[in-house]
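Pasting the structures in now, so scroll down.
You will see two complexes here that share chain A, one where it goes with chain B and one where it goes with chain C.
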Partner chain A sequence: MSLLGSLVRKVRRSRRVKLTLLLAPPLAFLAIWFYAPFIITGLYSLDMITRAREIVFTPSLKYYERILGWRSGLTIMLRSLYFGALTTAICLLISYPLAYYISFKVKKHKDVLIVLFIIPFWVSFLLRTYAFMTLLDERSFINNILLSLGLIQQPLQLLYTDVAVITVMVYDYMLFMVLPLYANLEKLDKSLLEASSTLGAGPVSTFFRVTLPLSMPGILAGSLLVFIPAVGEFVVPALVGGPNNFMIGNLIYQIFLGARHWWIGSALSILFIAMILVLAIIYLKKVGSVGPSF
Partner chain B sequence: MYSVELDNIVKRFGNVAAVDNVSLKIRENEFFSLLGPSGCGKTTTLRIIAGLEEPDSGVVRLHGQDVTDVPTHKRNIGMVFQHLALFPHMNVFENVAFGLKMRKVPKNEIKDRVKAILEVVDLSGMEARRINQLSGGQQQRVALARALVTEPSVLLLDEPLGALDLKIRQHMMVELKNIQRRVGTTFIYVTHDQTEAMTMSDRIAIMKDGRLQQVGTPTEVYFKPMSAFVASFIGEAINLIRGRIQDGILTTQDLGQPILVNHGENSSEAYLAVRPEIISIDNELEGLDNILDGIVRDVIFKGSYIEYRVEVGPRVFVVHQHSRALMQRNFTVGERVKIGWRRNEGAIIPSSGV
Partner chain C sequence: MKKTNLFLMIFTVFVFIFLYAPMVIMVIFSFNEAKSLGVFTAFSLKWYEKIFTNTEVWVALYNSVWVGAVVTAVSIVLGMMMALAVTRFSFVGKPILDALILIPIIIPEITEALSLLVMYVFLNIPLGPLTVIIGHAAFDVAFVTVVLRARMAGYDRTVEEAARTLGANELQTFFRITLPVMYPAILAAGLLAFTLSFDDLIKTLFTTGPGFKTLPLIVWSSAARGGVSPDLNALSTFAISISLLFAVFRIRAEKKMRGV
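Here is the complex of A and B:
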């Protein structure tokens, strides 16, 4: 009894033991479902797992070399980065005024407006994307209206284009931009803007010298939250994109499940993760240094 | 010419008149305080002068010029905010230089002027510090330097010392007054703390429920309050005797004897206000116009003075005596004493102030 008691007391007192107990379940979960597969992917990419599923300790970069010499693969990779960046930029341009307006200009029922904005996102991502397909279709009401107004003679080809992929991605990911921006702007001390005006700064100067730099943390958080999933997007280009709007996610999917070449697929995945990591670090360093250092 | 003039300013928030027909004339280079309890409209008045709040009616003039419709950034004012509102993404230099940059002052001149003003507020060499590396008192002085460096015609201060602890606050009070003398600018200072207002101001405006109660020098509002509110709001304690005044004599039911007051208007209802330190206390008193018999009910030692509560009939008078008197004589609870004062030492609050 006293042995058990002293053990319990020890556990209670030691912060490290408490922390370990607290972190054990999420760590175990991640270890099994994320870190282990990630390591296995890494091993595949270095050609350390054979067709017989045996581990060999002779790493080789030959699959990376093959990818780097593969033009269309690189094109798709660059296109993904471009689509991701464009989606992020458009999300930011649309979301900032929205978040700014709700945070600064709306006096009452801000939460209602935010909830109104969130409601569409209660619907599953896949359903929203499907719903958008019917809007972009050749026989959609958009085309019908344009046709009946005589603005166009032929129905517009909206589906299976770059525009469709970007539009749907912006629609799908906007929430992740609006919420961090709004949270950031809400925290911003409004008396700073008043201080700026008493110092002789007009509304435009105040925006660029005070509001914008102080909302950098929100812009950073929102951009990463949009860019990272958008760049690896797989569903949207598969549903509303055509063969020319292929993104990296689709390519990896095809290599793994179509060509069943796990080695190339793994090398491509790892390479892509590394690229995003580098870009994210550069972005945080460049843009992050503009913002406040708290 | 006046530095700031307010003509019949009214500002409503919903059904509440935050500022109710306020007119003020503030002189050049004056240290002027707006004093009152929270919610009295003093901050709103200040914000109207700054242009951060638009009055529903009335006129704001700065140096004789109507600026009622001029936006804040074109008014050439300086302001120190309650929570300072220093820019957290800029260092001390950038904070102070902000106003000069907005005015497109050449770079070299900005450097010189920032350096000079930082000397005035005793922060030389701190240019590169970040705001969160400064103590409360230092942040205070950065805010002051930032507001002063553009040489505004008026400096508005909204309870800037509220967040500081007592010692630094007392230090900053003296400091602020000195800085004001050195830079020679009109300061308009909002506070709910009468000590701050008394210590620094040339004149004080006392507000209550959006209305001006009295405007005067610290000694005027202290010794000659014009309303019962001002009398009890200012100072630690005051003895108010309500009664009827006829030919320099106040009669009241509370006291068995008439009280002699200054000759002036007759009034069926008025207050006589007597500060506790005006009243003498002893076993025998002579040569005073009003002498009352009483019994000591409480003796409270407050350091530099002693507070006696003396019962006279149904009333209790508060009497303050300098602690030095303790060396000679102190009175004990239950002791019979006389209290007294001269007729011209009390202030009569007219019936309009009752």
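Here is the complex of A and C:
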């Protein structure tokens, strides 16, 4: 018995050694290069690092207080939330009919259509944004056609407006809405829809009382997957927006690299991360997975 | 009912036009003879000539490729270790580890990039290729772990047990059974890591040192400075074709992976 006991202990110990050997390098790497930077940012936000880069142990919340009393900063934060929400809503309005059509109405070559939908998203975010800039530009092809048809008298100035920022964000993030919606509609038990119509419901009431409620998980998943990155968007407002369309990502950038006020910038980053993590926890609680891969 | 279907079909067609039009028009105008972005005059390769004779473009492409390769190697090794630990061992604190892996995927890149920059400056680490590589790898590891772990969860270990029974030691089993069986998944995860690094703008923008540029940085700085231009159209078309090529490789690897 004692021999067996010592053998079991030995195996257990060797497993623990192996586990440590496997986990230590990646965890150390993440701890140093991913998590430590946030700790330093946190220290800055609490005024625990001085200009001479020395750590002092007298935390203070003054920078957080300053942010909360800062009018134009709050305006930009609210604008980010508004832009994020608007992008999400428009994505949903465009994506739902699309996913619904492909899932319910297309009989043949569904997979082909989905792949055709995904292909544009294989191109990087930056290049997709740039491609859209070529359409929004004053001298663009679209403006030329509209001018020559006499529909407009002067070229439309679309670049550097709110409309441009929202449109390009919808263009860039639509994938995150369509994929969970489509996956959800595909899994939906279609016999429930038949039951509904057999029991006398018309197509409209079947949609609003059966299909739509059953696709809520997909709607929620897609909305959070679009909203979370959209609120923190930096590239799109920087390229197609002007100073009046800046979002929180641009503000943080300005404070860090323009004003070089690392304390305020850090406090703002920490507040923003806290907000994103709350949203992510809601997502994981309600949806329970990382989301679609692409 | 018929009307609704017709409406949905037309709507879907419009969405597809919306998705493809910007890129198609950009590609077409990259072959335009005139500098105009609105009128196509004649077919010409002169903008391509302009970018391909620019050494800055070639240096940036070279930088993007080798940074991507190093990032991929580092992320694969570390991600593989993490995935093996999570799928083959049970230990307390696994949910915490799961969260630690998920957070890099969720957190907005701009806050991560700026925090990393703050730490580099705080610790007096000189900015350059190495700081860019570290920045890319710090979050690519998480993506690789997620991909590999998903595949390992359904992995049949009886082959490994057979190898052990037949006298192979643990390392032999790993290198001659586990790795070859996992190869398609590793390839898929590696191509994902490479793509993430190759396309990355924000992390590179904040962690690079003077003079070290990648392809996205060149596109970014000329788009931010001068807006739309025909040579930038040509450069973007070139970059898009590289992206699409890698995507095709990745999809093929993923298909193979599902076959395992």
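We adopt the following convention: the second predicted complex is superposed on the first by the 242 of 294 C-alpha atoms of A that agree within 3 Å, B and C clash if a C-alpha of one lies under 4 Å from a C-alpha of the other, contacts with A are read in each partner's own complex, and residues count from 1 in each chain.
Simple rule for what comes next: a residue touches a chain if its C-beta (ideal position, glycine included) is under 8 Å from a C-beta of that chain, and two chains touch if they have at least 3 such contacts.
Please read these numbers as outputs of a predicted model, since none were measured by experiment.
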Chain B or chain C, by number of chain A residues touched: C
Chain B versus chain C as contact partner of A:S197, first or second or both or neither: first
First, second, both or neither for A:F256, with chain B first and chain C second: second
Which superposed partner A:D189 touches (first chain B, second chain C, both, neither): first
First (chain B), second (chain C), both or neither touched by A:L7: neither
Chain B versus chain C as contact partner of A:L127, first or second or both or neither: second
Chain B versus chain C as contact partner of A:S205, first or second or both or neither: first
Touching partner for A:P213 - first (chain B), second (chain C), both, neither: first
Touching both chain C and chain B, counted on chain A across the two superposed complexes: 293
Partner chain C, residues of chain A touching it in the complex: 15, 18-19, 22-23, 25-27, 29-30, 33-38, 40-41, 44, 49, 53, 94, 97-98, 100-102, 105, 116-117, 119-120, 122-128, 130-135, 137, 139-141, 143-144, 159, 171, 174, 203, 228-229, 231-232, 234-235, 238-239, 249, 252-253, 256, 262, 265-266, 269, 272-273, 276-277, 280, 284, 290, 293
Chain A-facing residues of chain C, complex: 1, 4-5, 8-9, 11-12, 15-16, 18-23, 25-26, 29, 36-39, 78-79, 81-82, 84-85, 89, 91, 97, 100, 102-112, 114-119, 122, 134-135, 137-139, 141-142, 145-147, 198-199, 201-202, 216, 219-220, 223-224, 227-228, 232-233, 236, 239-240, 243-244, 247
Residues on chain B engaged by chain A in the complex (per definition of touch): 50-52, 71-74, 76-79, 81-83, 85-89, 98-99, 102-103, 130, 132, 146-147, 150, 156
List of chain A residues in touch with chain B within their complex: 189, 191-192, 194-202, 205, 209-210, 213-214, 291-294
